[in-house]
Amino acid sequence: MGNTIVTFGEVIMRLSPPGNRVMKQSHEMEFFFGGTELNVASSLATMGCTVRHISSVSDDFVGESAVSFIKSFGIDTRFITKNEHPLGLYFLEAGSSVRASRIAYNRLNGSFANMRAEHIDWEKALDGCEYFHWTGISPGISAAAYETLKEGLKTAQEMGIHITTDPAYRSNLWKYGKNGSDILKELVSYSTLFIGGVNEINEILGTQFSSDQQGFIEASKELKEQIPSIQKVFDKIRIGVTASSQQTQGRAWVHDQYFETELLEVNPVVDRIGTGDAFAAGLIYGLMNFDDEKALKFANAACAIKHTIPGDINYCSAEDILEVMNGSSGGRIKR
Amino acid sequence: MGNTIVTFGEVIMRLSPPGNRVMKQSHEMEFFFGGTELNVASSLATMGCTVRHISSVSDDFVGESAVSFIKSFGIDTRFITKNEHPLGLYFLEAGSSVRASRIAYNRLNGSFANMRAEHIDWEKALDGCEYFHWTGISPGISAAAYETLKEGLKTAQEMGIHITTDPAYRSNLWKYGKNGSDILKELVSYSTLFIGGVNEINEILGTQFSSDQQGFIEASKELKEQIPSIQKVFDKIRIGVTASSQQTQGRAWVHDQYFETELLEVNPVVDRIGTGDAFAAGLIYGLMNFDDEKALKFANAACAIKHTIPGDINYCSAEDILEVMNGSSGGRIKR
Amino acid sequence: MGNTIVTFGEVIMRLSPPGNRVMKQSHEMEFFFGGTELNVASSLATMGCTVRHISSVSDDFVGESAVSFIKSFGIDTRFITKNEHPLGLYFLEAGSSVRASRIAYNRLNGSFANMRAEHIDWEKALDGCEYFHWTGISPGISAAAYETLKEGLKTAQEMGIHITTDPAYRSNLWKYGKNGSDILKELVSYSTLFIGGVNEINEILGTQFSSDQQGFIEASKELKEQIPSIQKVFDKIRIGVTASSQQTQGRAWVHDQYFETELLEVNPVVDRIGTGDAFAAGLIYGLMNFDDEKALKFANAACAIKHTIPGDINYCSAEDILEVMNGSSGGRIKR
Amino acid sequence: MGNTIVTFGEVIMRLSPPGNRVMKQSHEMEFFFGGTELNVASSLATMGCTVRHISSVSDDFVGESAVSFIKSFGIDTRFITKNEHPLGLYFLEAGSSVRASRIAYNRLNGSFANMRAEHIDWEKALDGCEYFHWTGISPGISAAAYETLKEGLKTAQEMGIHITTDPAYRSNLWKYGKNGSDILKELVSYSTLFIGGVNEINEILGTQFSSDQQGFIEASKELKEQIPSIQKVFDKIRIGVTASSQQTQGRAWVHDQYFETELLEVNPVVDRIGTGDAFAAGLIYGLMNFDDEKALKFANAACAIKHTIPGDINYCSAEDILEVMNGSSGGRIKR
Amino acid sequence: MGNTIVTFGEVIMRLSPPGNRVMKQSHEMEFFFGGTELNVASSLATMGCTVRHISSVSDDFVGESAVSFIKSFGIDTRFITKNEHPLGLYFLEAGSSVRASRIAYNRLNGSFANMRAEHIDWEKALDGCEYFHWTGISPGISAAAYETLKEGLKTAQEMGIHITTDPAYRSNLWKYGKNGSDILKELVSYSTLFIGGVNEINEILGTQFSSDQQGFIEASKELKEQIPSIQKVFDKIRIGVTASSQQTQGRAWVHDQYFETELLEVNPVVDRIGTGDAFAAGLIYGLMNFDDEKALKFANAACAIKHTIPGDINYCSAEDILEVMNGSSGGRIKR
Amino acid sequence: MGNTIVTFGEVIMRLSPPGNRVMKQSHEMEFFFGGTELNVASSLATMGCTVRHISSVSDDFVGESAVSFIKSFGIDTRFITKNEHPLGLYFLEAGSSVRASRIAYNRLNGSFANMRAEHIDWEKALDGCEYFHWTGISPGISAAAYETLKEGLKTAQEMGIHITTDPAYRSNLWKYGKNGSDILKELVSYSTLFIGGVNEINEILGTQFSSDQQGFIEASKELKEQIPSIQKVFDKIRIGVTASSQQTQGRAWVHDQYFETELLEVNPVVDRIGTGDAFAAGLIYGLMNFDDEKALKFANAACAIKHTIPGDINYCSAEDILEVMNGSSGGRIKR
């Protein structure tokens, strides 16, 4: 087993009017490539990790641009396939203060949704892999994505790889005839590390735990009870939010112990998308380099600093994140 | 009487350096079309109302662009005339934090100022009209605008239309030899609904009421005493402002009763222009759909959310505004 | 029968890197709304015609923006429906000189492709209609679009409406299992005016006429022979093209007579998309206002001037086009 | 008499949609300061001359920005006054190829139009002056501008200053009740150097000379006959123009001798505005530094190179212009 | 002695990705000219003072642009020399909230670093000078800059000019083999007014005073003890900073008396660079126009308002600053 | 010997005002990374070759961005070192038509100039290498660059690698005390393939051959005579240039045979920089895939199409280039 981190998921394009404009006021769009698992991959690569991303993109200049972007992080793209369907994308009208952000998706018939499981040789794709990361988005997109992922998880489990999951349930997915909760539960059962909280557990198990500390502990216990492969549960909480300000905090249930981080405040929020992915990347990096508690603090700092960067991806180095973790308020200029 | 809302007023172009730049630092300008009454019209049309706007624009490609913009809301533009004078415009250097915004106007010799009263057949223009809205800006621009408006108000009064007014007095207008207070008082006397507060009442009546709750009530009573056509008084208050943050609140004196809304906080302020117009539009929409108290709450929420949108116009739907009214902090992403 | 022109077709969004950049060099996209039939509609509305466009857009802020854009021309949008599928779009890398332009489409599973024929009451939709315009793009997108269009054509034929068609065959469409040539022939059989040339006729009839004048005349004769509803054939030719320069010419076969226009040269070409649609709009306008020969000259001038305008749509007035038709070289400034 | 060049004229702001867009397609405007006489002043200052500009600007941040811009050339701005009227401006939709450019003005009620003759102490303003330059635009704007200019011309004549004029007649000016031809003739009578051709002479004298070489010579003779103060006539001709390409040539009638320059071709044209002013500046610089024939060649090269620079002003050094004059095709990179 | 203020220092170019982007996300840079002493000069010129700046720039179009920019303030640039080395510059990634800003310099081998002392005739350069301002940046750049400055200080001292200094020590300078503390101490000994606090004094004297009020007073006493030419010590303090918010305060030790200003809060911070220079400029203006306490208050207000302006330079007038000093919160629009 | 292509040279940043603006008219710069050898590397990688680039960049976020950019092509960056000196850069004012482009460099004290030869293990760096490419720019920058390159050339020669050179002599380099001609001759003596023409040969050999066909043949013979390692000579010629149009042609002297390509015309030229590098990359690709004559044709087509792409790098695929080579005029849209 090597030290490569493998991620699997859609490469998606974000299109957004500049500034605080609504789309009707715009003649141009800023665009960013991202995707929840690619965001994790990119952040880990930026921190110096060896990373491979598996996906399927469009066989046109849009797909080429996406792959070129992924390569710019030094991520291994050899297992990204191409097909004749268009790259998934979404439009974002970024909110501000009391105005919420709005997203319109165009992803359910794209190149990722139409991937072909047989195109991925999972044994080769997971060669040298220490961590395999997946999220609840992928299996919600299409049956093909679900089946491909499941194949990967089986292989990874057999190879004894750490499997981390952010099993977010999104109600605007799951249009292909499967029950999201059932499938997420099935796939989580291959995983060893759960990055999620009470909502996610309730969704998967059909439980109704409360979201306070006690609820989180009970939910985590129940999760481990029902899905024994899960070794650790890490959760991020957001408090006191408007579209322009945010407080972040991490908490965890590991080896029958609860711990949590301090609150970090971010004001103003530059970009809210991908902050959960920054948390996941920070956590994986932390687990590879620190103990569990420091890993959680690092993850929370990574989540906080991502709020200051436009686009889906956390461009910060581990050193930048450590500074935030150690209390830097940002009010200096590094010359 | 139909359910059309008719507005009358200048279509004005805003030109503004991008970001927080001062003009000396800029080589380009963002531009927006607006105008206090058009802002009301556009917001109402966005919320689904049937709206007609009456104005006079330049007979060149600038005027054509303005009309095209107005049509994009589905607003009826058949009563917008054209003449050989240039479209009114203003330059805005947007402030920030402790730095105030600055405006330089170029409107006193424009196409609206030079409109010809005889070009508007008010009976046709008000056909099907339920609400007619005007503000104190129009009569301050030129004698022609004043006379045209007065003609419209007379006709509307005869037709039994609700007449709403935001009779703001601006000292940088009224250059054509008339006394603003006198004329505003005259025109308010045709109106049924007063959108304004102590300052406006003092200006019109020559009184000196204080701006606290008691002062507002007494001023409103005095207004109704002197101008019996006024049935209701609705006021917006702004508290604790810097150029980048704002608290908004509504209060009203209706049927000898005082009521007020909660405070709403907006931070950061994206754009301060047109927030009063968003209030007026919210109020008219509210009065057409809710009771007076809910209408005021809706108007206050409309005012708050407008602070998050660049340009003069509130692009939010009634649903968006209801969310703010019902306490949404904006910290979600609507997918 | 009124004088309304009705168009039917997809509303599509174009996304394009600014300047001559390729997508890999860009972080932003300019966007334009268009669509071959909407381009015809918009140009006709700009020239002062009464126009109605029929389509189906996404039920999200992207679709709303598209409808708002269409309204800005004063086009009647009441027959544009909404559904839960995303708006069709395409990416364009604009070429230059020896470098060809490239397009990547995302339209085959969009809101237009998923329209529902039963949602359009064609008798109402064609009320007051003098001209109904369709192109070969629509039936190539999906079975639903084909069937909806066919329904419309039947109704229009029964109502005695002029039916104009630009039956372009595009090989990157027709993925839903139908033979494009067969269907185009079927649909052309409802039409009265054919805007196309030898290529289109060969495609539909399976013939192999040459593209010179003699071939055009023979192909036109054969077309009228096989499809007697066709009264007139109008064609545009492009000569000597690079990505940055273009010559345009019109020719026609009407009442057993051939005529053609002078060549018009455009250098540099600002935008090549929508120039055929500008020709079609110019032709329809011309037929409504001039004799056939002048109509063709007007159409050719409209085609030429569109090459100077970014985006899909010809923003020029009839007066602007007449100037080009009458030999203006563009080297003046109109003050 | 010193070597200062004094210019008098409006400072005007140009607002223009970016690229080839029409205004309806834009949300922003590029802006430039200019004005026909200021363009001459700026070009001369860029070439190293001592220059003073006399004007009146708005007393707001727009006027301040204009003055700051003028200062950036090192031009003496001490005789620029301020008043409460807005700065003159115009909107430009730049044409391309067969599409002509369009301009919409807003200048007839601005700060220059409302200048006060008594605010300029012409003896001081012309102190140290060798050349005084004026154009036919200024007296067309308002009676005040006309009278102020006339006062300046009288003083300059008395001081024995060279007076150069580009007496262009613009039909969209002269709205204040005076006959343009009469006034231009009156003002030209103070001048010593005529920068204009057959059109200008016909306009002023009411003659009908043809624009060929013979006509130019006869017109020049007639001009000198009727207005003996004129010592030299210099003319620029434009041949074979589209909105995107241009040929320029200079010709002159000096001391009863005709001479002309070679043709210079510019393709593509970046900006057509201010090319005549670049010619005038080149001519004045040439007359101060070279003989008459070389001055004309220099002026023609200055005119040509200005076509490659956006905005109203020729930013090229004398060395840059000499290179064009000496046949440089521009196809090198100066490292 | 006249009333000219003379500044000496590098003209440096700032290049910065737009918005909150990191450089990897950008294809373009905003640029600004500045430089700590030029920032002081520009602010003073904007407030109406007579200012001369002494520097050395590159002999290419970059240097020309810089000089043109400086001229736009009306600053006397006759003593700015040119040489064949490139203009100094730096890249800035602007931080936000918890993310600190980052700067990468390219200045140590530029035109200022390579200036030639013998190229400046200091007696002429200081002719008419009342205040001469220098900072600790200049002598840190190169031996040449140090020696040129020292020469200027000697001359200024002999001429009895007020010499103000902001002797900031920057560890990323001083690469040419000299000890920064020693040299700063030497140069401060020519100065009469010290704009700096405990950090600067400790750096120069090798002391370890604390940064509280008591420490500031003791440090100031010690400074005056060791460097008797210093008559007054003015300090700015920053409290409670993130990259997006700031509190500013001024304090002083003058004639054995301590005084301080109120705190001013700025939120959000638009730009942090040049706020110390705005303080220095405000102080010099204040000392020329007010008493010492009011000068300090004015300086603190100037520092606060600069935080709202992008770029290195404070574009505010004295009137703007007085409004902030007198408590304006910025929440108005000045029409 | 593998099939890797190794390039060695500076990574340089281009900063350029947008559009046709001169720097004085700009507040922002577009930037591109490039460098003559990196341009060759990037183009080859885009065409699918395995490429490694060797350089030294700044140890800051500018250098990181450059490396990230290089990675986006999939180029191996493991042999790019970092040091504390800034990344080299240049400013470009792009010309147009008769106006020439201007460049101002800042590279002579940058990270590449200050590289340390001992930091490169050339045997490892050239592992698997088939072609090693260098140009005359590198040894002109600094003694360190010269020595490092010479070390690499020796090693490559020993390893039997094909060594290609574009030995351009630039007079604005060679400031470190060496004679450019001598050193270029020395370094060319290690090379096997000469990409250059009469100018380069004359520069190196001190000869004075004419640049016509006969001169080229004689110069090539003389070159092979004096430097027998040279096996083939390939040259590109540019004819009839302005800043906006260009004709390109290739010619060669291989195995005592002369051949040349057709002329290709590019109008308008989007970007002139890097077109020679596109030729070199096309040639190397051609030699690896075609015969010599076809390789030259391919190189010429690559050179032509690069003129249509902004920035230093040719983003075209081999397929794109083949189309141009086979006569495509660019006037199509590839859907």
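As written, the chain order gives the labels A, B, C, D, E and F, with residue 1 at the start of each chain.
By our rule, a residue touches a chain if its C-beta (ideal position, glycine included) is under 8 Å from a C-beta of that chain, and two chains touch if they have at least 3 such contacts.
Everything quoted here is computed from the prediction, not taken from an experiment.
Student: Under the document's definition of touching, what chains do subunit C and subunit E have as common neighbours?
Tutor: Both subunit C and subunit E are touched by A, B, D, F, going by the contact rule given at the top.
Student: I'd like to verify one number: the distance from the centre of subunit A to the centre of subunit E, where each centre is the average of its C-alpha atoms, in whole angstrom.
Tutor: Their C-alpha centroids are separated by 45 Å.
Student: Which subunit B residues reach two or more other chains?
Tutor: 22, 24-27, 32, 68, 72, 102, 105, 268
Student: Quick one: do these chains touch in a line, a ring, a star, all-to-all (complete), or other?
Tutor: complete
Student: Per the contact definition, I'd like the list of subunit B residues that touch subunit C in the complex.
Tutor: 68-69, 71-74
Student: So in the complex, which bits of subunit B are touching subunit F?
Tutor: That would be residues 25-27 of subunit B.
Student: How about subunit A: which of its residues touch subunit C in the complex?
Tutor: Going by the criterion above, the answer is residues 15, 18, 22-24, 26-32, 58, 60-62, 64-65, 68, 86-87, 89, 91, 93, 102, 104-106, 108-110.
Student: In their complex, what parts of subunit E are in touch with subunit B?
Tutor: So the residues of subunit E in touch with subunit B come to 32, 72, 264, 266-271, 304-305, 307-311, 315-316, 320, 323-324, 328-335.
Student: Which residues of subunit B touch subunit E once you look at their complex with the stated criterion?
Tutor: Answer in residue numbers: 19-22, 24-25, 95-103, 105, 170, 172, 238, 241-246, 268, 272-273.
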